[in-house]
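Heads up, the next two complexes both have subunit A, just with different partners, subunit B and then subunit C.
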Partner chain A sequence: MRVYVLKRLIEIVPTVLAITFVVFVMMRSIPGDPVVALLGDGYTEEDAVRVRAEYGLDKPLIVQYGIWLAKLARGDWGRSILSGRPVLQDVVIRLPVTIELIVLSMGVALAISIPAAIIGALRQNTWADYTATTVAMIGVSIPEFFIGVLLLLVFSIGLGGLLPSSGWVYLPGTCPSMVCGVSIWGNMQHVLMPAFALGVARAALLTRILRASMLEVVRTEYVTTARAKGLSERPVVLKHALKNALIPTVTVMGLQVGFLIGGAIVVETLFAMPGLGTFGIDAIIARDYQQVQGFALITAIAFVVINLLVDLTYTFLDPRIRYA
Partner chain B sequence: MGSRSLFWSRLVVLAALVLVFASVSVADAQTPKRGGTLRVAYGNEISGLDFHTTPGYEMIWVATNVGCGLVTLGPDGKFFPDAAESWQISSDGLLYTFKLRKNVLFHDGTKLDAAAVKFNIDKIMDPNYGSSVRPFYQAVHSVEILDPSTVQIRLKHPYAFMMHMLAAYRMGLVFYSPAALQKYSAEDRKAGKPEAEASCGPFKLVEWVKGNQLVMDRFDKYFEPGVPYLDRVIIRTIKDPVTQMAAFKAGEVDFIVDFSADHVDTLKGQNPSAQILTGKEATPMVAMMKVTVPADGKPKSKERKPHPIFGDVKIRKAIGCYGIDRKEIVKIAFKGKATPWAGMIPPGTEDTADVTSACPYDPAKAKALLAEVGYGPQKPLTFEILTNTDKAIFNVIATVIKEQLARIGVNTNIRLVDKVTWLNGPVAGDAPFDMYIEDLAALLVVDQNLYLSATTAAWNSARHTDTKVDEFYARYASELDPAKRKAIAKDFQEFSVDKLYWNTISGSPFYEIAQPWMKGFVYQAEFKVRYRTVWLDK
Partner chain C sequence: MSGGGSAQEAEIPVGITLPARTGRANSPLAQGLYRLGRSTTALIGAAIVIVLIVVAGFADVLAPGSPTANAPAHTFERPSWDHPLGTDQLGRDMLSRVIYGSRVSLIVGVSSVLLALLLGVPLGLVAGYYGGRVDTAVMRVMDIILAFPIYLLAIILMVMFTPTAGLLGTMKVTGAIAIVRIPIYARLVRGSVLSIKEKEYIEACHALGVRDHWILFGHVLPNCLAPIIVTTTLGIATSIIVEATLSFLGLGTQPPTPSWGWDLKANLAFIQDNPWLSLFPGLAIFFTVLGFNLFGDGLRDALDPRLK
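Moving on to the complex of A and B:
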């Protein structure tokens, strides 16, 4: 097991580097660079040449990537070309917001999908099953921003500001600056709508997968044996059936992290949250190469590490699984 | 006295008391209250905070509160003292002498004196400093210190807009403490390090956490006694207009700067007591046509040849003048909240002239002009309209123009690119395009458009090569008589609409939305967003 984990951790390095290289090349392949925006209406060709040289943008692509890697090896993630702010500092400030959003949206997804899937599987072809399946279909079909706008209209405008529409209140001890709103209750109020908007689509997908998996598992012999032993329905379903049915669901959950980061861009923009999603999209739009690299790096690491954790979770869900 | 008359006399006394108290409370409501935090929403992120180099309105709206300059501009276009208490202009227009206030302090505690003024202007004019406002100082010859509180700016030639430039070209001249300017780098200023942002405005920067908020607090040693009233201003970015409306309705923000024109009616419906602030449009919405292309195929080459379509003035006039129904565009895209306009200078700019009548919507005339140059049903004209993702309204306008041109047998394809691609390509990069839709910079005076439309301007995106345009600008900027200047501006705009190097569709309205309890704010369009006299009545 230890060897397996070590091997996987080592594998992370080339994977992440490959991702950052692809992003590096792609960003420089699309039209435009940040220099024109940086110079504004005071732009002159001479200034543009000077600024490109200053930021090393006139060097060959592979040299630019090499410089970025060398700096990264020293812990220097670079500075934003446009704002001059250190990229690592901004990533560290914004990461907790996005982590909280993603964790809670996954929580929302599980809180909806597990009961819906169990009901759907145990009461197959009844109105309860049809309802769960239909709601799942609707959830998959509605994009995050639409759910977000609906939530805004209902809870922020319609119900007289029941929930805050935008911004962020930090959890105690996480304020990254001098002036912050800090409160657990305030934080919950701010994260509720974004987490729900992001989680509903995931809930729909997980419900469908878990329901199909549960349908298969509840018909297996060990579940019949558990019932024959006189176990009540609750431990049969929750301990024997659900635990085994969760394996494909957990796999999908790991893969969904990538979609959650993508969804976070939309949801954070809509709810004006100071997270990594808005950081990433602003960087891409402005062609702020250093920030884009920082965003690609952190999301690649997050994706790979979470999928490693997912693989390790299998051993807990099914003790027969062993990693050599 | 009977009980009846007693009742009436008591009623009169009571009414008088009510009136007295009511007048007291009205007077109270008019007396500015000190304290409170103003919560502001911007629609776009602040790109950086170096007041001398960073572009973007969002930065300017911070600079006009953290910074101070020599003079400032009032809503009526008049100049007011800022750090300079008075000024004199020599009769030949070459010497500008400013007497400084004696009590102006920078946020780092150092004093603003003549040496600090000279230090700042010299820095801006230094090509190695990389200031983006350096082109505005072309007329400046030198800055001389006459005594610690008197400074003189000598010009190379008369420049009628020297005061405008100092007061409000972009954010106008903004001073940094020389000590801070020497101690901290441009990167520190860009990144909004509070110590590096030591200027002399009514608010001092406390922090800027990009993507989260910008906080500025009252500067207690501000030179003007009694102001500002607010303790603190917090600026957040809320990009989506629906979220802006929700935040406003819920009372989470007090003030929205640059609110989307097509959502104004909805917001008004939701918040009948909201203050909707707008004025004459100072920004032009254009359907720019490319006039020349590089003869040797190399972008920005000085060797030019006419654009294959819009190099011909007849086609420019057929499409830009007679083929576009400006009134319909305003009705559909702006819901009537803009002024149809054909002149190169927008309706809210000083010395503008309405030459829209020179470009009436006339499909028959457009068709006839196209036929003259060989386009018609047998050989339909086809070109591309470029828009960008910065504002949704650009796409609406492009779609309306496409539909209008289809009526005269012209086919168009719409291509959507992002803002940076547009900036790098058609605007600064001389990349090929036929027509693009954009609202360009807000113009206080005609002279400001020089940086976008003179033949030598880097942002002359039409790439016209007519030096008569440059001559108009030069004559206009050197004419010190306002009446004669106005006449030159009129001639220039008539010339421009005839040649159509610059094709304006309409003005582009600017909206600011304030809660009913926000008092003392003075609307000055995009040019100044100042919280110096703002107070909260709650």
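Moving on to the complex of A and C:
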């Protein structure tokens, strides 16, 4: 097991290299460069040449990538061309916001989908099941940002500003500067709608998958056996059926990571949250090469690590699955 | 009620046997089509999709006005007889914008999937059929694309293509979404080919001296069509969501071309007093995606009862 995890961790390296290299080449093939934006309209060509040289942008692509990698190996993620701030510092400040958003949204997704799928599967073809499947169908058809807009309409505008429509209050200990708002209550108020917007979309999909696999599992012989030996319904459903039915669900959750990252970008943009998603999209649009590289790196690592966690979850759900 | 499980099949009262088994429709395709016709979900989905195609096709006739004509005297009008969905900050008629917006969604949704199919299916066929180095080379490239979080790649591609308005802008979005979706079809087809190429009838083809390309397109491809068709329909729904999301981020088709995602985002600034301006484009996206999802679900139950 330990060897397997180690092997998988080593395998992360080529994937992350591939992703960051492709992003590197793609970003630099975009017409125009950030130097012009940095210098403003009144720049001279000499200034541009000097600044390009300062940031190493005049060197061949592969050399630039090599320099980026070499710096990275020493823990230096580079500096933003536009703001001059160290990229790593920005990533570290923004990461907790996005992690909080994603973890809470997964919590929302599971809290909705597990009961909904169990009811749907155990009470198949009853009104409860129809409600669960219909709501799930509607849920998979609404983009995250529209769920967010609907929440905004109800909770920020309709209910007289019950929840704040934008901005952020940091959790104690994560505040990046002296001036930010810090409070657990304020943080909860700010994160609630974004987490729901992102979570409801996942919940709908997970309900559909989990209900389908629960339907298969509850018809298996070991579930019949569990019932026949006199176990009450609760352990039969939760320990015998649900645990096994979760395997395909976890697979789908893993496959959804790519969409989750996109969802985080969208939801953070909608609610103006200072997370990695807004950091990434702003960096890409401004072509701040160093920031984009940092964003690509952290997303690639997250993407690969989450997929590894998904594979490790299998061993917990089904002890027969062992990684040698 | 074999193969049941979807809510719709369950609506058929118990005791009525499905006449599909009495021999009227024997081929798998005919049986599938028959099941499709009996599926309420699929029919609702198909109805939504047909309405959408009609709306997009006849936008010129159906829209009460121009989607891009400014009317400074009529900004932010509430829904009325003249403007059933109100007007936006430039006085443009929202109903007309929503009607014309269907074009971008539909064109991008369908053509990006078709383009991804056109490139992904042959790649998957060749990789699966020939195996070896061809397979490794093709699938490595696919793996690299798949290793990307889909939105990261789509966003960067759109920045590379520089979003523009009009047909060209729509084509750029189509291209970006198609690229990120090629591996899905390549993988799907390759997987099917791997099992089909070991079948006796393919061996028989080899024995008869049938040429490779005819084996591939005449015998292998038709046998992996069912999952391709299902994935395609559901893929259109996903592509429409991705298009709307890119537009929402300002990276889709640019104004003045009407696009639902863009309209929703642009009108968010006025949501306090004019909530319907964001609401209607959002509802349009929702019903469109719902239509393709319902139809795709029905199609999956009908064509491949094993995939549930």
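Throughout what follows, the second predicted complex is superposed on the first by the 324 of 324 C-alpha atoms of A that agree within 3 Å, B and C clash if a C-alpha of one lies under 4 Å from a C-alpha of the other, contacts with A are read in each partner's own complex, and residues count from 1 in each chain.
Here is the rule we use: a contact is a pair of C-beta atoms (placed from the backbone, for glycine too) under 8 Å apart; a residue touches a chain by one contact, two chains touch by 3 or more.
Computed from a prediction, not measured in an experiment: that's the story for all the values here.
Asker: Based on the superposed arrangement around subunit A, label subunit B with subunit C as either clash or fit.
Answerer: These partners clash in the superposed model.
Asker: Per the contact definition in the header, classify A:Thr133: touching subunit B only (first), subunit C only (second), both, or neither.
Answerer: second
Asker: Does subunit B (first) or subunit C (second) touch A:Val23, or do both, or does neither?
Answerer: After superposing on A, A:Val23 lies in contact with subunit C but is clear of subunit B.
Asker: First (subunit B), second (subunit C), both or neither: which does A:Ala212 touch?
Answerer: second
Asker: Once the structures are superposed on A, label A:Arg287 by its partner contacts, choosing first (subunit B), second (subunit C), both or neither.
Answerer: Both partners.
Asker: So in the superposed three-chain picture, is A:Ala109 touching just subunit B, just subunit C, both, or none of them (first/second/both/neither)?
Answerer: neither
Asker: A:Thr269 in the overlay: touching subunit B, subunit C, both, or neither? Say first, second, both or neither.
Answerer: both
Asker: Taking the superposition as given, does A:Asp90 touch the first partner, subunit B, the second, subunit C, both, or neither?
Answerer: First partner only, subunit B.
Asker: Quick check for you: in the superposed arrangement, does A:Leu39 touch first (subunit B), second (subunit C), both or neither?
Answerer: The first partner, subunit B, only.
Asker: Check whether A:Leu153 is in contact with subunit B, with subunit C, with both or with neither, and answer first, second, both or neither.
Answerer: both
Asker: Counting clashing C-alpha atoms after the superposition, which of 332-340, 476-484 or 494-502 on subunit B is the one that bumps into subunit C?
Answerer: 332-340
Asker: Residues on subunit A in contact with subunit B in one complex and with subunit C in the other?
Answerer: 30-31, 149, 152-153, 157, 269-270, 285, 287
Asker: How about subunit B: which of its residues touch subunit A in the complex?
Answerer: Touching subunit A: residues 45-50, 54-56, 130-135, 170, 186-192, 206-207, 209-213, 215, 234, 236-240, 242-243, 245-247, 249-252, 270, 300, 417-421, 423-425, 427-429, 441, 451-452, 458-459 of subunit B.
Asker: Tell me, which parts of subunit A touch subunit C in their complex?
Answerer: That would be residues 15, 18-19, 22-23, 26-27, 29-31, 124-125, 129-130, 133-134, 137-138, 140-146, 149-150, 152-153, 157, 212, 215, 257-259, 261-262, 265-266, 269-270, 280-281, 284-285, 287, 292, 296, 299-300, 303-304 of subunit A.
Asker: Which subunit C residues qualify as touching subunit A in the complex?
Answerer: 5-7, 10, 144, 147-152, 154-157, 159-160, 162, 237, 241, 244-245, 248-251, 261, 264-265, 268, 271-272, 275, 278-279, 282, 285-286, 289-290, 293-294, 297, 308
Asker: With touch defined as at the start, can you tell me which subunit A residues reach subunit B in the complex?
Answerer: 30-34, 36-45, 47-48, 50-51, 79-80, 82-86, 90, 93-94, 149, 152-153, 156-157, 160-161, 164-168, 176-179, 269-272, 274-275, 278-279, 282, 285-287
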